[in-house]
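Okay, got some structures for you below.
Two complexes, one shared chain (chain A), two partners (chain B, chain C).
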Partner chain A sequence: MMNRRAMLQGVLGAGAAGGTLLSDLNSQARAAEDTPIPVGSALPMSGLAAADGIEFKNGLTLAAEEINAAGGILGRPIELHIEDTKEMGADLVTQAMQRLIDRHSTPVIINGYNLGTNMAEMDVAADNDVIMMHYNTLISHNEKFKTDPDRYYGSFQGDPPEYWYGPGCLNFLKNLADTGQWKAPNKKIAIIPSANEYSIVIANAIRDKAKEYGFEVSLFETVPFPTNQWGPTLAKLRQDPPAAILVTHFLPQDLAQFMVQFLQQPTNSLVYMQYGPSLPAFREIGGANINGVLYSTVIGCLPDDYAKPFREAYRAKFGPTAAYLTGSQTYDGLWMWAIAAALAGGPGEPFNKEQVAKVAAAMRRNVYRGVNGTYRADPAGQSAYCYPTQVADPSLGMPHQFLQHQDYKTDAKLVAPALYATDSFVLPPWIK
Partner chain B sequence: MTKLSTGKGISGSAKLDAVIALVLIAAAVTLPFMVESRYILGQIVLALFYATIASQWNLLFGFSGIFSLAQMAIFAFGGYATAMICFYFGLNVWAALVPGAIAAMVFSLVVGLACLRLTGVYVALLTLAIAQAMYLLIVTDTECFVMVGSICRQFTGGAVGFARFGDLGMRTLLKGQWLVGNYAIIATLFTVTMIFTYVVVKSPIGLAFRALKDDPAYAIARGVNRFQAQLLVFGISAFFTGLAGGFYAAHFQAIGPGVLSMSQLMFIIAITVVGGLGSFWGPLVGTIVLVLADELMREAGEFRTLGLGIIIALSIVLMPKGLVGRIGDLVRFLRRRSPRSAMGPQENAALTAK
Partner chain C sequence: MLDIFVSIIVAGLTTGALYALATVGLSLVWGSMGMLNMAHAAMLTLGGYVAFTASTSLGLPIGLGFLAAIVAGAVAGGLLYVLIVSNLLRHDKSTFESNVMIATVGIGIALENAILLTYGGQPLKQPLSVSGALVIGPVTLPYQNILIVAVVLVLMAIVALLLGKTRMGRAIRATAQNRDAAQLLGVAVNRVYFQVLVLSGALAGVCGVMVSSMTQLSPPLGNDPMLKAFIMCVVAGLGNLPGAITAAFGLALLEAFVQFVAGARWGFPSLLFVVIAVLIWRPSGLFGRAQIRRM
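Presenting the complex of A and B:
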């Protein structure tokens, strides 16, 4: 039997959550064969999201090495197969996934994010009876799952949907004002999405909930995707300065450019941005201009002791500037599936619905604490719960992390939620 | 490809085309029995979409000389119209396909009217601008039109597009073999499109298209009505392009602004150029070559795009008439070296025209 201490020691020793659990399962296993288990991943290895695609692959590589070091899944090692989804979209992503299944018989496909798919991935998983875990961070995953839970039993979203960014962000701003950490000059907020689903759903959620949190939307301007010409938008912001500028566009190079151009004539506004500031490119391009920028993520490696072995192993293997915040997503995804597959008695194979459904059931039943926080599948949508906006118990939801760049030479500081925070919020240098 | 028939019966060109068509149809029918991989069948379905769009762009530019860059916009219009009819009116996909294609045709006629006084590169600029405006109008549409569950949906679907509006019904009918059913439908669409295109190209109106392309002033002087001909070719090509857009949306159960991307348009142009501009079989040959090359270079990683670029560049430099044109040259060369060739003057004429 395994006790809590042994489990935690094993986890930290292996640098991965679930390490000992998997070893323990393996020690009891009588694997009938030791042929590798093919694990597929359809990632944007070229095109505009290639930087993230590489990190997603890194996360999978590290997890696969650790799982194999722990004895694999019931004695069978994992073998990774990657397909490039290039410019993404429904056709390219579904075809990439189908190729993984046809060519390698992958019982599972763990993707990072792919844009513009309209969650067509879920149909590939359903048609072939495979597990599909992804980090698209889309409420449309939940909506599609609800239409036919029996058909989409194998589709999991490894993080909360983007919808929760909206109320989460407003709640964060309100809390800053209520606790006196920030004195808002007015109640106005400016929302700047770019033309893509992720960005617009978040912007809409902020806009629709703004009144509930005591804010009024003074500007809602959609910019092209991608973009680095911020002049017209900045002119409008300077004409009617809001208390907070919320940019839901997410490409790091574009967001860094926003800060460079914003600081030429800043307004007394907090600047909150989406996702991009978590990537090294944001700091590299923006330099000192990014100090003070706030951002949040519903999925990202936590800066705690629990995730420390992972962070160190990741940078030791992939370089000092490697973005473990991104790689951590697929890293947790693979570990979570591996444990569930071991518990279910094996991963199964495509079209083996009976066995694959057992793995899916184990994934739904388990509460998994990874390096990104806690994954617990919301039965209504098969995505992670969001803490604290959706659930009040941090042991049952993935933390919606708010971070601030306080010194561009170092990693951003986690300033909320309070249970996870390592540092306090500081007023940005441009606010007088 | 100069004439459908002579006074003495069906020409050699038409005979050769008929033989090629029969061989291709036979291959298309046997294909699902030989291909077990869903991926390969899926790629073939995708290739059939490319070939359908390229064949209609070929009709527009290759045969009629109208350098329109709105081809993917018309394709998207058909797809969006089909999806929106299903989404907002709850119609079955099959019932929405033809109205979607007609909507694309009307859109194309409007584009055609706007281009009437323009020629060459100005047509390209205007049509590209229309396509880009369409893309921007869709992706910047953020106003909530209807709530679907907890999601706010824009009228045009916005940057998200449309999904879950229905499919071709093969999943229900054939269960696990649904892809074979979809393949049969898309292959039929392609066949019908090609037959209709052939008839148009060989008809008097097809001759008028080519006359306007080769020498507009002379064609008009001989009584060809440029206004009618240009609108007609915009309408005909748009119907099948829009229909393909509807089938594409139904096949993938999704349509989004991504289909309007420049890379998609460039791929269609590349297919036509590599296969042979102004050649009936060119778009099909170009599709086979480029899709195969893309597939074979899949393992080449970052060199894959470079490899495709080199193939396209070499095709343009070494084969200005495309692969079909080069094959014709090769056959003629071999015939000249073989005095006892059985090929008659009609076959020779047919190859020259291809």
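Presenting the complex of A and C:
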């Protein structure tokens, strides 16, 4: 019989032991039944975010298979149910989540990201007493959670809020200049968000903190979402060339087009982009034009040995171009919840607040090392902590990864934070 | 300053060319048949993907890939007539306009999702594109932009010749002006409808290739050009092809300048403002003719 102390040590000790831990728990479990546990997910399987929606589903599928192979949760296998959130928005996403609960009695809903929801997902989770984990990457999750922590006890954001991109990015640029890796031609930065909450919050955070890091904002240009005609915006950049161009719009195809059109007449500026360059479409569409582009993500599969089996399994199952960087998010989310549900003695079911609250407590208590780094819930907002900008201990925060495309034919190189970096920053080819 | 000015003009003209191509296909069907083809966006997407498949999976030369997109669009237009439009025309003609709009919404959704299931949701690069730019002093003209404008101008000329100089074109124009009179004079109206949808589909196929060469292939590819084409049709007035083309280029240039002067986010709202203004002051469009309906 495993005692509580040994069991918790196993959990805290590591994600590497995720499968083993679950097997151990299962071997001791006296499952009252072996009926499948329904796990829901409301994903954009069609519409503009379908590419990511498919990858989020892939991540869940792989995790569910592995969990079931390990014996399921206390002997009960996981059964996935997906609802399409199409063009997203609060109405479509909340309806999709409610359908999952009404039709399948899902005690948990693990989403990827859904745009334009105003975090209405948290109300569905609260009203039905289910766990909801998502990767919207929004500070509004934290703000909403703070308004009523008791009501939103079951809502978790699997990654740090987007706000941390702002100071993190400025810190990265300052460090490049301070260490002599980059000689900035001036102190100007141009910020280009698109018209959506995620992009604007990051852009505002950069703008508000720019002075603290010694930069001056020369252009703040909001573009439509989505956008692929960059001509007028590029004309403004060429009129007053900044030291760095920070594009917080995040769709990979649009960002690739930015580089294609930018390099027709490049300025002497570093180009930093948000999230999209981590996806295969960016490399495929941009080709050699993307060499030198910097980007960062507060969540994404790390290029380390620990995540290697996941990366290989993912591409073996879903094809060589499958974006494991996206699928890794829901993959970790499902594993994390499954372990917590097993620790709590079962997942519960909708409206069983007592049991679902136990699962939520386990999720708050556990520190989970997944393929994306470490998840530890910030009790103030129930999102992941961000390393190194928010916490200095890498074992207690998810790494804010800075990567650079140095050769479009290969994966991007991780250049910061230093603890995780595999390569050094190189000056982009267009900078003279 | 010249290079900045030219880059805005180039952006406006390229976008205008793409808008014009999408608009002509939509306006042709709308003007001659009174049919707002809501599947036009999906037909446009289909053309882009067929060219992609022909060039990559089948390994055909670029020219044949382009031709395949035209053929696929034309076939889609023909099938739309045979399977949907001809059947709707057999019923109460007074409800044709609304029925066909709803039917083509369904066709469009089905086609877009079929493409999503076939190709997946990840954006793909359209291989039918050219890189590089023509540099004249401080001015840079990307070859892709030059190619798009040239292809569109050639196609516009072909369509104009087709409508103005051929027997088929005369029949289309006659049907557009007065369907019943054209029928009484011996014009095979149903055949005209078929021809118009085939022609519109072929144009959509080309447009899909051109748009995706500037952006990327993705299942919702055609939605934005379709929306913009709808705006151009409203501004220009129903069934006025030269007017639609003028509106497409004019509004695209306006959009580009507004984006530069006021900010990128004001481009689309400026188009909507023009639509509202036109609907208030010239409800039949800048170049359209007043329509009289007898109830």
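Here, the second predicted complex is superposed on the first by the 415 of 432 C-alpha atoms of A that agree within 3 Å, B and C clash if a C-alpha of one lies under 4 Å from a C-alpha of the other, contacts with A are read in each partner's own complex, and residues count from 1 in each chain.
Please note the rule applied: contacts are C-beta pairs under 8 Å (C-beta built on N, C-alpha and C of every residue); 3 or more make two chains touch, one makes a residue touch a chain.
Keep in mind that this is a model prediction, so the values were computed, not measured.
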Side-by-side fit of chain B and chain C on chain A, or clash: clash
Touched partner set for A:S46, first chain B, second chain C, both or neither: both
Which of chain B and chain C A:P224 touches, first, second, both or neither: both
First, second, both or neither for A:D102, with chain B first and chain C second: first
First (chain B), second (chain C), both or neither touched by A:D127: first
First (chain B), second (chain C), both or neither touched by A:T147: first
Which superposed partner A:I285 touches (first chain B, second chain C, both, neither): second
Partner chain(s) touched by A:G327 [first = chain B, second = chain C, both, neither]: neither
Touched partner set for A:N196, first chain B, second chain C, both or neither: first
Stretch in clash, chain C with chain B, out of 60-68, 78-86, 96-104 or 150-158: 96-104
Chain B and chain C footprints on chain A, overlapping residues: 45-46, 195, 222, 224
Parts of chain A lying in touch with chain B, wherever the complex brings them together: 45-46, 84, 87-91, 94-95, 98-99, 101-103, 116-120, 123, 127-128, 139-140, 142-144, 146-147, 163, 193, 195-197, 199-201, 203-204, 208, 220, 222, 224-225, 351
Contact set on chain C toward chain A in their complex: 3-4, 7-8, 10-12, 14-15, 112-113, 116, 120-125, 133, 140, 142, 214-216, 218-220, 256-257, 259-260, 263-265, 267-268
Footprint of chain C on chain A - complex, ascending: 45-54, 195, 221-224, 227-229, 231-236, 238-239, 252-253, 256-257, 261, 264-265, 279-281, 284-285, 287, 321, 323
Residues of chain B that touch chain A when the two form their complex: 37-40, 42-43, 46, 136, 139-140, 142, 144, 148-152, 158-164, 171, 176, 178, 252-254, 256-259, 261, 263, 298, 301-302, 304-305
